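For reference, chains read A, B, C and D in written order, and residue numbers begin at 1 within each chain.
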Amino acid sequence: MNIAVIGDSSCSPEEAKLAESVGELLAQRGATIVCGGLGGVMEAVCRGAKSKAGLTVGILPGENSNMANPWVDIPVVTGLGEARNVVVVKSAQAVIAIGGSYGTLSEIAYALKKGIPVIGLNTWSLSRHEREDDSIIKVQSATEAVGKAISLAKRRKNYEIASLRSQ
Amino acid sequence: MNIAVIGDSSCSPEEAKLAESVGELLAQRGATIVCGGLGGVMEAVCRGAKSKAGLTVGILPGENSNMANPWVDIPVVTGLGEARNVVVVKSAQAVIAIGGSYGTLSEIAYALKKGIPVIGLNTWSLSRHEREDDSIIKVQSATEAVGKAISLAKRRKNYEIASLRSQ
Amino acid sequence: MNIAVIGDSSCSPEEAKLAESVGELLAQRGATIVCGGLGGVMEAVCRGAKSKAGLTVGILPGENSNMANPWVDIPVVTGLGEARNVVVVKSAQAVIAIGGSYGTLSEIAYALKKGIPVIGLNTWSLSRHEREDDSIIKVQSATEAVGKAISLAKRRKNYEIASLRSQ
Amino acid sequence: MNIAVIGDSSCSPEEAKLAESVGELLAQRGATIVCGGLGGVMEAVCRGAKSKAGLTVGILPGENSNMANPWVDIPVVTGLGEARNVVVVKSAQAVIAIGGSYGTLSEIAYALKKGIPVIGLNTWSLSRHEREDDSIIKVQSATEAVGKAISLAKRRKNYEIASLRSQ
């Protein structure tokens, strides 16, 4: 099962700590971590995952696999620029957003469009037509984020299998 | 000058009317309309533009140019699925968002990330870390939207030229 | 109808002359020219088309619309790097290849995969499993290239319409 | 180190056997296998790799991770259609082509354009301007293919590191 962890390439020490805990917990639960492969939140989640012998995939925007942070096991080199954000999100059965700026917002939007569950830790809030959109599942801790992500990813996986069969 | 107009492929009659007016006004100002090429807001803006002899470009997600609405002059066929949203936005010097769902939100996010001005008509509101993000320039009418879009697109065009020269 | 003209961003004077003639003839036949938007063959075909009041679309690999050559009417900015080659080809009902290196070869391959006719002027020859692949329609002059391209593009357009209806 | 193995989604029994051997040998040499994730050559190389406890990555064109063949460890879901071919190739330090049709040809072209070594087993032959292009390194056996791929991939890795440092 792939869980995407998204957030900024530069982040606060608190966000980095949170991301590292998320990485540790996901690795302990046996999930493969998918991220954008660069610094900040992406680096922290990979570092956490590797400290617990997890597997990490970095979907890179540029042209060189060595742009990946040192805790990426499998660099995927796209050369697609920001369009790689789509690939990060579509490759996962659930997404955990930690903080984040406009790049993260584009990933949240893609996930919600596709029906992939998004769990948010101190991230964007959305409203439209004067009404709050509560599609992002807001949580307060790394433990809560990972618990929700794993259980929703299982459900998503089953949905994916069913939708393939019905084609 | 290219102005992107973004919004849902199914929309309310009010949004369609708004989009049609935006198309008319942009065509009268000589802007090329770039959109996602499908129905709803995209179709309405193209119809409006063609009624004033404007030029319309539809950046399609699928594989067949005939998926474009009948008012698209130039269908660009990407086969990229939702990743085509990046192309819609990057091809413009300003973006007008009318209503919209998660696809539109991804386009707003990409535009803001790249520094392309976004003018909003009854669209998403964003906040993060408990603070409102006022990057979307909110307006109340088609006239106001087009006026802002044209003047900001000129500034953006100059910025693009300058940033190319300084490379 | 869109015709893609593909070839290198640096080319010989003979190739440039050929591309310019192709652009002139396509414009006179009312086809919209789609290309990669940069120099060499792409620039020459656009220059030719504009000398006969044609319409030119440049699908750019980079992030800045001002990277387009001066004869591109409509710059489409993808930021996708070489993956933009797919978009150039899919947007056309026929492809004319003039000379060209590996980028051009990738475009020829995409077109043949999708069943879009490819007309070649002094371009790649392919063989596999020791047998020549004659899918590229080889011609000797700009006039012949444009004649073939227009007639095959019409057939392709009809096929696209039919395949959409049968869905 | 990532090695891409490319070829058709339907292939002859001989090609499947060859691909399976390539997968076994790559896994024994510790390389991560990157492929397009579907059937035919892609499935055979993954099956071979898993029989020797290798690691396999499938870069999928569609929208559903369950489209991957059963021997893909890490499905990367792009939704990009054929544009995902670029990602398969860019993610590798060397490419082994087995047989293959136009999709494979597009991948060969992208690799050669980017300077990534391509080793060919019964695959395309190229010539242009009446001259053979010998950029594809032709070999006769799985052992030879893997030997060449590993040694050239090491050199490519060093080149990537050097080109990053010189930026």
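Following the convention adopted for this analysis, a contact is a pair of C-beta atoms (placed from the backbone, for glycine too) under 8 Å apart; a residue touches a chain by one contact, two chains touch by 3 or more.
Everything numeric in this text was worked out from a predicted model, so none of it was measured.
*Asks:* Equivalent interface to B-C, which of B-D, A-D or A-B, with over half of contact pairs matching by residue number?
*Replies:* Repeat of the B-C interface: A-D.
*Asks:* Go ahead and note the Å separation of the Cα centroids belonging to chain C and chain D.
*Replies:* Chain centroid spacing, chain C to chain D, equals 28 Å.
*Asks:* So, what's the distance in Å between the C-alpha centres of chain C and chain A?
*Replies:* 39
*Asks:* Listing for chain A: what residues touch at least two other chains?
*Replies:* 63, 79-83, 86, 114
*Asks:* Once you've mapped the touching chain pairs, tell me: line, ring, star, complete or other?
*Replies:* Contact pattern: complete, every chain touching every other.
*Asks:* State the interface residues of chain D toward chain B in the complex, per the touch definition above.
*Replies:* Of all residues in chain D, those touching chain B are 63, 79-83.
*Asks:* Which of the residues in chain D come into contact with chain C in the complex?
*Replies:* Listed in rising order, the residues of chain D that touch chain C are 80-83, 86, 99-103, 105-106, 108-110, 112-114, 122-129.
*Asks:* Inside the complex, what are the residues of chain B that reach chain C?
*Replies:* 2, 32, 34, 55, 57, 59, 63-67, 74-80, 86-87, 90-91, 93, 114, 160-161, 163-164
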